[in-house]
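Have a look at this one.
Note that the chains take the letters A, B and C in the order they are written out, and that residue 1 is the start of every chain.
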Amino acid sequence: MFSLLDIIGTMAFAMSGALTAMNKRLDPFGVFIIAFVTAVGGGTVRDVLIGRTPVGWMLDLKYVYVIILGFILSVIFRKKFDKLRTSLFLFDTIGLGVFTLIGLERGIITGLHPIICIALGTMTACFGGVTRDILCNEIPVIFRREIYATICILGGIVFFALKKLNLNDDILYLVTCVVIILVRLMAVKYKWYLPALEHKR
Amino acid sequence: MFSLLDIIGTMAFAMSGALTAMNKRLDPFGVFIIAFVTAVGGGTVRDVLIGRTPVGWMLDLKYVYVIILGFILSVIFRKKFDKLRTSLFLFDTIGLGVFTLIGLERGIITGLHPIICIALGTMTACFGGVTRDILCNEIPVIFRREIYATICILGGIVFFALKKLNLNDDILYLVTCVVIILVRLMAVKYKWYLPALEHKR
Amino acid sequence: MFSLLDIIGTMAFAMSGALTAMNKRLDPFGVFIIAFVTAVGGGTVRDVLIGRTPVGWMLDLKYVYVIILGFILSVIFRKKFDKLRTSLFLFDTIGLGVFTLIGLERGIITGLHPIICIALGTMTACFGGVTRDILCNEIPVIFRREIYATICILGGIVFFALKKLNLNDDILYLVTCVVIILVRLMAVKYKWYLPALEHKR
């Protein structure tokens, strides 16, 4: 099931990348690359920083196929994205939860400190979107408006707090994932956001 | 001969980087860095992703010297770039073919799937230019106008199709390289391009 | 003492990142990430390129704590940055010297050619700022106005010139660091800069 969620998340991220790229009027190759980078960018940066190479998607082609499918669906249904907005948002939120967990797990396997594991979880979930925005010549959206990365950090803290209780691993993963997804849904519904920090009056 | 073409490609890429940077009115250090990154960026990203470190140009100083030379030539002849346009375009096209082959070869040596090898070939040929455009604060040109990366992908497909025929390696490399160069020349001559994908009416 | 200077440099770089991000009106998470990336970005790129992974800050949490502290101080004192400008500039200059030395040392330990060591020193000192500017959607400032990277290169040349004299290591490090710091102070005081290279009249 975890693996299915991983695929849903990858596809949602790929489609969010394709959508942004089509908004910028890129050509099909550009759209595909942005979709690809949005989907695997976070995990790729994580793998490179911890020295797990060749990076994940080079060894498990499942991701490549899912992204190709997400790209094709995005192109076909590009006129209907408005109607799909809610589903896409839900999938993206699932991706947020699952990718954070994958990053946390990878950090633990590598034997890193919990703070670094939380950084890796956040990176896995968020850096694909950051790379997408840089390639599209925008200041990354997660630095400006949305509570997004903050939710991943919160999820990581919940994860390690629950881990201290010696919970069963399945429950630990499920609860963390559900917390991330619920907080994201509430953050969007109730328009929670972090205020901009200004230093000039 | 392959090695000579590699040097020609590296120099062409360095000069294309220097030219872009001078257009942006950067200072000499900025121009040099952009030239460097354009020339070795693709191979560097490839090496980092497959875990081949220290990356290539750190172990083989040939590239550093060629880039320094390309930088100096670009600065000296900067007023005459218009007249050199055709030669530069030819060199750049040679670079496209050779760098794609080097990436393909590196993927095969690392034991990766043909799809990933084609991705590595395309990356080696194209990501230097992508990095150049990001550093110069532009949406990468290969995502917008030119059929460029698509030709590398095509070259990769030709390569693996011919490889199935058990051709001699030299012929395999030569044909792939010639296909990439010819298609690029025709694409520019006949103004082939990929249409932008729009998703709003 | 070297270690103390390292911490001062890290904090100065983190604060320079936070300042830039607040100028762009980013939210607290965005400000923190830019502070983090500015402080450790140079060393991270260096470590990834030479294959020293997991990268430095993942194994030595000291840097994480210093950056968190720098971030908090930046937020608290954000209205008083103008008055702190001189101190911040001094700290940043210390960082420039120390980070260059750390990069040079790392290159020597990895057994690389002096030219590559100088590149690594320059990268360690400068690429945090480059990444900061890219994330904030600006052409990196060191490519445009300031003599900054050029001073690191000069420092590297001085380092290897002195090394030939078989000086004591402590003296070698001290002199290189002082040269970098002094030249930077003079460059700013006397407004030394590299002219933009133009190729159109």
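Basically, a residue touches a chain if its C-beta (ideal position, glycine included) is under 8 Å from a C-beta of that chain, and two chains touch if they have at least 3 such contacts.
Quick caveat, the model's predicted, so the values are computed rather than measured.
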Pairwise touch network: line, ring, star, complete, or other: complete
Note to self: subunit A rotates onto subunit B (CA fit) by an angle, in degrees and to the nearest 5, of 120
Provide the C-alpha centroid distance between subunit A and subunit C, rounded to the nearest whole angstrom. 30
In subunit C, the residues touching two or more other chains are 48, 51, 134, 137
In their shared complex, subunit B is touched by residues of subunit C numbered 48-51, 110, 112-113, 115-116, 130, 134, 137-140, 142-145, 149-150, 193-201
Note: in the complex, subunit B contacts subunit C through residues 19, 21-31, 33-34, 44, 48, 51, 53-55, 58-59, 61, 64, 75, 78-79, 81, 134-137
